[in-house]
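The two complexes that follow have chain A in common; it is paired with chain B in the first and with chain C in the second.
Let's turn to the complex of A and B:
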């Protein structure tokens, strides 16, 4: 007799295999190699695995004209997942570059690469999730990797504190999400998103909406939307800067893409409820993020609040609940990820130069000492405001267009007002960059050796951020195809 | 072919970026060579494009090439696209050809300047912007180029930023041009609203159907474009920035403020003539502005004492002719004059630059004189430029100016008036241009000249002399491409793009040159009588008409009037507003708002206690609220 082997979609799984193989190789290399060779091998393996995953994801994005299910339909293989994976993997690549000379990581850099790959793999799974189990699995996979990554520099107390706080508060968030998933399953009897959506009318609404509320909280947690953002400033500040850059770019992107897919597929019947909830969360995030950023002196903390405020901007197109909003979200994420990693890369470079945490005053004179870094950081700051020539200008344009189409002018106005507030602190950084250098700010113990990897990361982020402005039309084409399979409620 | 056009466009940009990136890692002379080389590439590519276009049927000489579509919002699509057609190739050749000569000249002129590389980088940026302006395939990209030439002009006018007057002149040029940019942008908004597109083919194709003829919208669109054209081309009443712009280095004056940028207004009218023809009133306004400018500038040029300012007023006056041509619908004649003017005016500026170079920076013609013996080659170059400018046959200016005059005769009653203006202008042109020639090169050497003249072999570095020679040749023979009664190469070439509205009869083509040559000779004779020989007639005249003299020396009080009407009331209003509104209300409320926001901000930050139990509490409260709300609205 023969055993029916299940059909395995090797091509569709190829990004995961690339990343998983990378994790194994990186862990083995960090066991068997010593000293500089371990770091070099770790980076090489991470870069190879990520490039492999990137190539696979791009290839899939080209060929996936219609979506399909994988592994008993628990994973989706479609352009939405492919594009999200491309974003996440690119963020991982840039973060890997930042690790090359991270001084605090020391001997643990080899492990850091393995953890980074693991986080990327978790996110890749997360964004492809097609049922509640994989949703939770992916979330925990990348979260646990990130908890450990935050502590990869244990000599710094802040790093340990950040990791522990992230673990406890994050654990709380995951528990809420899991409970919500259980309630939804209890109400509908289904796990798969689309089936939950179909079962919606016949299920117990009390359980269903309670579950929805809890799932929303769990996702808002990862997006760092207020009031579930409290961990963000502490963790962003305490975590090693490369990790912060990766979290800011990738976690948010993954969580938002999942939210978009999950909410539109599983809860079309409750669309009025979740869109208005997301709009309220967006307003709260805009308020908390922008107001909080105004009084920060520490640059990483400032960028953390900025990331909370952008959670608000990114929730706006999802809240609009229309196809234009879906396109806007996906487009917005691309330059936003580049700006996030890029700005943390500049911070990392400056941090190593000064040998201490970077405050706004610590940026004084950067534009004169390191013209490329200064110009890049200026572009990133202007980009966060939403000014050309970065893609975020058009990202905000599309996000506001989506709200306009929905008829939510009030939310547009709130967004515009908080954009005006944000100008104050972003330009504060630019002012410091081009202020005349104070001699006292000279680096303690001389300049660190030239770090090509970090320069590459900064320039690459700059190219993506600016490139998305000029290449808007092809990108819009890509993201339009990516969200074409989703059915939007409005 | 379009690839060559793209190469022509991007080669100067590449040079500018390279200079910006390399900084002082490239030597000064290499920087100059890089820029002139890049502009030469543009010229050669443009010539190649011309050759390819020539081999095609006239009606098919139009190619749009889109690098990519930048933005599509609804039906409006904006792409990075260029248009290769007879008009754009004509302008590309003028810009890159004359540009190459002037950039080469500048490598000699600017040698030894502290910031030579910055100068060359700006210059390359300008050439790119100008090519973008003339090659653009849609109105938005045209506006981008339009703004960027304004920017590079600003950067180059106040290149010597240690001089207060240069900085002030740069600001003035920028503000006046920004006014023009704004009116163009407003016009484009109306075009978007009515037509829903910005690319030339769609806009011009459906303009009449979507906009209509002679209605308010058509007039407003054309007025917006005319505002930009008049500001960029320094036409009355937006002309006051051009004489001040002479604060920039002389090659800048030659390239930007004589040969290329200031003539962009004429190009704009020729390019968007369809929109102008929908509002004939505005087209006629353009012609009248040109007519007034050519007289006003010609008269003022008679009494100015700065060698570059005289030439600047002459530029305004000559662009006035081009506006007259474009305004009566003789686009080919206008573009023809644009080309010959680029030759002889660049020649005049560069010869003047040689004089200034020889006199260690002196620009006041009252302190010159008798240079003819010392600088024979410069004198010859200047003489050729002057003869061409005055319209003496068979030099370039004669053919192009007379083609304009002949065309105005076919323009109805308005045309007759403009013809009279033009003939009077020809008299003035001959008079002021020969005044300059006589005062600078004839007569007794002033003490200043005797003390400061430094002689060089060849009257200047080779890099400065050979472009002057080439331009002198062009100023002599450049007019022969179009001969009245014979052939009209420029008209024929541009016909597929901008069909002229007037067709001068044979007698007009015969009558106007004869009349204008007589008038020009009369002007030269008067100039000879007044300034050609030792005479106290000029001072006697000045004493006899003191009011007129002062009025002219003050440039007809345009600056004073603007100062009194606009600048000072604006400043007074600003001061009053600051006292009444700004400090108590705006600043007060802003301070209150900012203070409030800061207070709020510190409170937000204060919730961030760093204590985990607080975080968990907030999450729990948030979760509870959400669940309760969801359950209650269920």
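Let's turn to the complex of A and C:
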């Protein structure tokens, strides 16, 4: 008996192989090397693997005129996947820089690099998934890596607690998603997204819609959209700051790109239903995120609530369900990822300086002590509000235009109102940065050693965040081509 | 000839009755034993007799997977955990609250009702969308074809996901050990 094995598109798989090679090398180096050599080798391997994956993804994005399926069509090779992979890999690169001197990671740093690569690889697979099983496997792959990354600093009880919370809540979310996938398969008898879309609801629409709802819940957990956000503040606060920065940027980007792909391809017939569902989720996230952030004192918690509120902003263009919304989402994600990693990088730097968790008061005088960090953090905060000169200004503009085109002015107004609310807490951080330093907040024992890696990460995030504002034309070009293959329902 | 097929039918019935009795008895044993170690051993018998029932339904692959994965791997893990904990855990309901017991009873009743309903509907041909099962469905040959054909990527990636899980377990385990030394 012979088995028809599917053709393998090795070139299309090159980003995955770069990352998988990196994982193996990083794990081996962490076994065989000791002391500083281990950390240096870990970082070098992670950086090389990520740069390799980045180069491969960029090359694919240039070559892929039209999308194609890989390995019996269970994986897509198209510009949408390529662009999403570029975003995720860049977030991974910045996070790798933050790990270089992460004091809590200690001897575990070599393993942390391997897990970071593994998370990036899982997300790279996730964003290209074209099949319900691969979707679930990609989700589990990066989730498991993140659960362990959260616990990689064992000296901090909070870190273990965060990891356990994330594991339980995340496991619940994955289970719901898997159940939903099973129901969708039961209703349509198909696994590939496009085939589900063609098969339609079949004899049992209720089954398909229930499955769709459960899949959305599973993804909403990963996007940390309200009311599935309850893990976010605790996990963001407890996890090591480099991991938090990576999670905030990359998980959200990956899950939203997947949501965009699979909703438009597999459920064009239920578009009226899922667009309004996403709109409701967006409103809930905006309300919970912005109102919750107002009362936070811990900076990481504040940024966590801000990330919930941005889940709302990011869901708005997907909810619009039109091509403009698809473009807006992809464009929005790029500066958003840079702002997230960048702001957590500043928090990480401050944390190491103070030797304790950073509250808003802990930021007092940062602008005078470390002008670059202060200016960068100010830009990030203004960017989160949606002010120029960061790309998020244009991102919000595009998201609102997508809603306008759909005719959902009410959602635009809600978005605008909560943007106004967000000014209060973002400017609170800026005010602290430029307040006169009080002696108590000054670091004890002189200035800490310069940390070039974290400075590079902060400046790089700043460059990307501002660069997306000034380089908007070519970027819109890129994202337009990335979503050209999708058929939007509205 | 007729005698032989009759003997075959009788044999199937005998096997079925024995397996079903073993299944029920071991199921009760799992929840009734006070010693968790004995419960775990009874669970192995339970899973094994379920595998026999699968075989009678000509689901060879599911039967094999049941024995290898559940009765084999998962139960070994159970026994290890119980051995580590030293049987400190009491019988499942020793410390459970009234609400848990009520929930357990309600769940069992609902499941029973569901089973009775499906059997009743099936007897009266009332199942509107009964599954159509083709010859060879669930056979090792068909599954192998799916694993190496249409779902090759999913098949390979699951091994990667499991590998990452194992690596993570090692990392966390090593971390805890080092933490203990420092304390």
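Observations on the structure shown:
Please note the rule applied: the second predicted complex is superposed on the first by the 479 of 490 C-alpha atoms of A that agree within 3 Å, B and C clash if a C-alpha of one lies under 4 Å from a C-alpha of the other, contacts with A are read in each partner's own complex, and residues count from 1 in each chain.
One rule holds in what follows: a contact is a pair of C-beta atoms (placed from the backbone, for glycine too) under 8 Å apart; a residue touches a chain by one contact, two chains touch by 3 or more.
Only a predicted model underlies this, so the values are computations on that prediction, with no experimental measurement involved.
Because the two structures share chain A, they can be overlaid on it, and in that overlay chain B and chain C fit beside each other without clashing. In the superposition on chain A, contact is made by A:144 with chain C only, not with chain B. Rounded to the nearest 10, the superposed model shows the Cα centres of chain B and chain C diverging by 170 degrees about the centre of chain A.
Judged by the touch definition given at the top, the superposed model places A:216 against chain B, while chain C stays out of reach.
In the overlay built on the shared chain, the residue A:111 is in contact with chain C alone; chain B does not reach it. Contacts of A:134 after superposition on the shared chain: chain C is touched, whereas chain B is not.
Once chain A of one complex is fitted onto chain A of the other, the partner contacts of A:394 are limited to chain B, with no touch recorded for chain C. Once the two complexes are laid over each other on the shared chain, residue contacts for A:468 go to neither chain B nor chain C. In the superposition on chain A, contact is made by A:75 with chain C only, not with chain B. Once chain A of one complex is fitted onto chain A of the other, the partner contacts of A:204 are limited to chain C, with no touch recorded for chain B. Taken over all C-alpha pairs, chain B and chain C come no nearer than 15 Å in the superposed arrangement. Shared contact residues on chain A (touching chain B in one structure, chain C in the other): none found. By the touch criterion stated above, chain A contacts chain C in their complex at residues 1, 3-6, 20, 27, 70-72, 74-75, 107-108, 111, 114-115, 118, 122, 125, 131, 133-134, 137-138, 140-141, 144-145, 147-148, 151-152, 154-155, 191, 203-204. For chain B in complex with chain A, the touching residues are 68-73, 79-80, 597-598, 600-602, 604-605, 607-608, 610, 612, 614-616, 618-619, 621-623, 626-627, 629-631, 633-634. Across the complex, chain A is touched by residues 128-129, 141, 144-145, 148-154, 157-158, 160-161, 164-165, 167-168, 171-172, 175-176, 178-179 of chain C. Against chain B, in their complex, chain A makes its touches with residues 165, 168-169, 172-173, 176, 205-206, 209-210, 212-214, 216-217, 221, 227-228, 230-231, 233-234, 273, 277, 287-288, 291-292, 294-296, 394, 401, 421, 470-474, 476.
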